[in-house]
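Next come two complexes built around subunit A: one with subunit B, the other with subunit C.
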Partner chain A sequence: MIRVKDLSFSYTGKPFLENISFEVGRGEIFGFLGPSGAGKSTLQKILTGLLSDYRGSAVVNGIEVKRHTNSFYENIGVDFEFPSLYEKLTAKQNLEFFGLLYQRKLITIPDLLRMVHLENDADKKVSDFSKGMKSRLNFIKALLHNPDILFLDEPTSGLDPSNSYDMKKIIKAERDRGKTIILTTHNMLDATELCDRVAFIVDGKIKALDTPHNLIMSKGAAKLCYAYFEGREKSGECLLSHTGSDELLKKLISDNKLLSIHSSEPTLNDIFMEITGRALQ
Partner chain B sequence: MRFRGLLLGDIRFQFKYGFYFLYVLLTFVFIAVINAVPAAFKAKTAAVIIFTDPATLGIFFMGAIILLEKSQRVLNSLAVSPIKIWEYIAAKVVSLSIISTTVGFVLGVAAGAGGIASVALGTFLGSVLFTLLGIIIAAQTNSLNRFIITTVPAMLFLMVPPFFELFGYDSNIFNLYPSNIVLRIIAGNAENWLLEIPAVAMWIIFFYVIAHGRVSKMLRSIGGIKL
Partner chain C sequence: MRALISSFTQFWRQISKDSMLLVVCVSPILAGLAFRFGIPEAEKLLTSYFGKSAVLAPYYLLFDIFLGILTPYMFCFASAMVILEDIDSSLTNYLSVTPIGKSGYLLSRLVFPGAISALLSFVILTIFTLTNISVLQNILLSFFTACIGVLISLLIVALSGNKVEGMAIAKLGGLFLLGVPIPFFITGAERYYAAVLPSFWVSSFMLAPSIWNAIGIVVTIICWSGILYRWFKKKIA
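So, the complex of A and B:
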């Protein structure tokens, strides 16, 4: 559905995005993960046709993006980083208005509102919405015309845990329905949980691209951490694969001296730091 | 479908922001003014009021509307929807000309103007021209200050010559000047229809072509590139 090859782009003449290549298939959630200013939103703007003077190729739904016509947008849903709604209209009126711009069969407005628990706020003006409510409305606006490709820029930012959980459930359900989803985020927990594959983007370049699982397994191995008392509380650690050769650990176990013990897998955040030398959040 | 959607959207937007309320109020004020002047001057007074207000309101309303759309980032949503540029422009032009033409018509009737059809036509043409001009200016501005700074000289250029003509200073240079034709039609002074109507049409096409380019640039610059 999306094929990007040797893509480069610059806002200023100074190279910014460089040699980006990747492909995303049907029914896949693909994550852009990277620190602030890395170029995630820029890449999304290119793929949604908002920046057209790029070099290389970006094909979305069979169309080279810089040569898109207006019907290109019938099949694309975009959830921007910031609310893009009529403040003086109600939630329902906003959805009605945007719905009229598409020829495709729409998802009904009550269904959409119910999905994100806004059914009781349908007739409230957007200007009276909280930040999280605006984010949820902005999100369902992207789903309104039931597009095959979704671009979601930080969809869960500003949501409470329960709404964030529900939104992630919706995103996965859309994927299972065969949609192609590009998810931009700096939340590595969301990325691990949602994405089939992620691209680490730093300073306009892709530094790694794989499934979250492979990225985690390829680098740091799982570790065992334990604590014990020896004059004061001390801690030790060893690789899970080498527990048998940790003499101290064996002795602590046989003497029943362990205060705590747990295994810890590296998180995507650890891997990100290891590969890019930079923190994600 | 899409055009109808945009048009209804614009009408609703203008209603919510009180444009309709404002114009009902202003219409009463204008009628009071027209009633206050001696009968001999009623028609001319009405023509001046219609020309300086309903016929040209588009320019300022357009500024307000587009700047609001920019500040609420609605333009981002529109830029990734299947709308065509002509649909966006036409919806704005038609929605504002409905208000203008209605007010022009009502004031014309109140003044007992002879050719009421001519008053309405002149108001409509003026509204289209000035709304397009408002789009041209607002599409390339991001602040109200900048908009006003650009609009004032544009208004002077367009508003001054017609008044010279209305008050008897005749100069052939301005025969086919767009605002002169508009005021002439509103005031019932148009005689050379076969020349004037095509001339206004040409001006409208000319303004439209520029507006089209500006809106296209505006939608593309949402990505952040200064064009």
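So, the complex of A and C:
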């Protein structure tokens, strides 16, 4: 569905995005991860045809993006980083207006509003919406015309845990219906949970690209950490695969002396820190 | 086409929800009434007071041109305000990734309002003209002033970041209209200092419909739209 090859782009003449190549298939959720300012939103803007003076090739739904016509957008849904809604109109009026722009069969507005629990706010003006309500409305706006490809830029940012959980459920359900989804997020747990594959983008380059599982495994095995008391509180650790040969641990267990014990698997966050050399903002 | 029409309908909806813009759009009619009935009255008073046969009458055409330019100016000011509002809430970007596209958006926010203001300008002049200008003159005047109106929309959006700045820049856009009175008052070569302004040529053309004045209009409009559209495009990217 999406094929990017040797893509380069610059806002100013100084190289910014460089030699980006990847492919995304039908029914796949593909994540862009990376520090703030790395170029994730820029890459989405290129793939959605907003920035067309790129070099290399970006083919979306069989069309080279810089040569798209307006019908290209019948099959593409976009949820920008910042809500783009008519503040003076109600939620329903907004969806009605955007719906008129498409020729495809639409998902009905009550169904959409119900998906993100806004059914009781249909007739409220968007200017009276909270931040999370705007994000949710902005998200369903991208689903309105039931497109085959979705571009979601930080869809879960600013949502409470329960709304965020529901939105992730919707995203996975859309994937299972065969949609191709490009997703940006700063939440590594969301990325691990949602994405079939992720690309780490740092300073305009792809630094790693694989399934979250493979990336995590490449980091090495899980560890076991424990704490005990010996004059003062002390701690020890060993690989999960070698617990049997840790004599101290065995003795602490048989003497019932452990204060705490837990296994710690590497997470995408560790991979992120390692690849980018800095913490997530 | 349906998408274009709904985008344009949305444009009206935005104007009708903003009382200031609504007043702006009605103002040409008020000005027309004031010109049509106020100025001949004032002329009567002035001629009897000064004991002359005509004071304002030689400038009736100037009032007509001014009225003809006022309608597009007000309309295009309103459309620039709506565009700025759309930029503020990222709607220009969003509409660019729907089937209406950037081109459709521009059509519905620049060309449609321009065309409608040309039509309105024609109607208003037909009703309120002081000089009984011919239909052909009226058509040409309405068309050219609508083009100037679109230039002013481009100027306002290109030079301002939000609606408040937009209002300030709109006054600057008023300078664009300074070319209108010049051919009436300055007949020497100095008047060509105003030759960069399309409004100067429109006014000259109404006074003397020569091919040179027509070329002046077309050339200045093309040059300005070239420059302003480049700046404008950066704003909506």
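The rule we apply is simple: the second predicted complex is superposed on the first by the 280 of 281 C-alpha atoms of A that agree within 3 Å, B and C clash if a C-alpha of one lies under 4 Å from a C-alpha of the other, contacts with A are read in each partner's own complex, and residues count from 1 in each chain.
Note that in this section a contact is a pair of C-beta atoms (placed from the backbone, for glycine too) under 8 Å apart; a residue touches a chain by one contact, two chains touch by 3 or more.
Fair warning: this is a prediction, and the values are worked out from it, not measured in the lab.
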Clash or fit, subunit B versus subunit C on superposed subunit A: clash
A:Asn70 touches, of subunit B and subunit C: first, second, both or neither? both
First (subunit B), second (subunit C), both or neither touched by A:Asp53: first
First (subunit B), second (subunit C), both or neither touched by A:Asn120: neither
Subunit B versus subunit C as contact partner of A:Pro83, first or second or both or neither: both
Which of subunit B and subunit C A:Tyr11 touches, first, second, both or neither: first
Which superposed partner A:Gln103 touches (first subunit B, second subunit C, both, neither): both
Subunit C-contacting residues of subunit A that also contact subunit B: 48-51, 70-71, 73-74, 76, 78, 80, 82-89, 97-98, 100-103
Subunit A partner contacts - residues on subunit B that touch it in the complex: 1-2, 4-6, 8-9, 12-13, 16-17, 72-84, 220, 222-225
Partner subunit C, residues of subunit A touching it in the complex: 48-51, 70-71, 73-74, 76, 78, 80, 82-89, 97-98, 100-103
Of subunit A, residues touching subunit B in the complex: 11, 45-46, 48-53, 70-74, 76, 78, 80, 82-89, 93, 97-103, 141
Subunit C to subunit A touching residues, read off their complex: 2-3, 6-7, 10, 13-14, 17, 89-91, 93-101, 103-104, 237
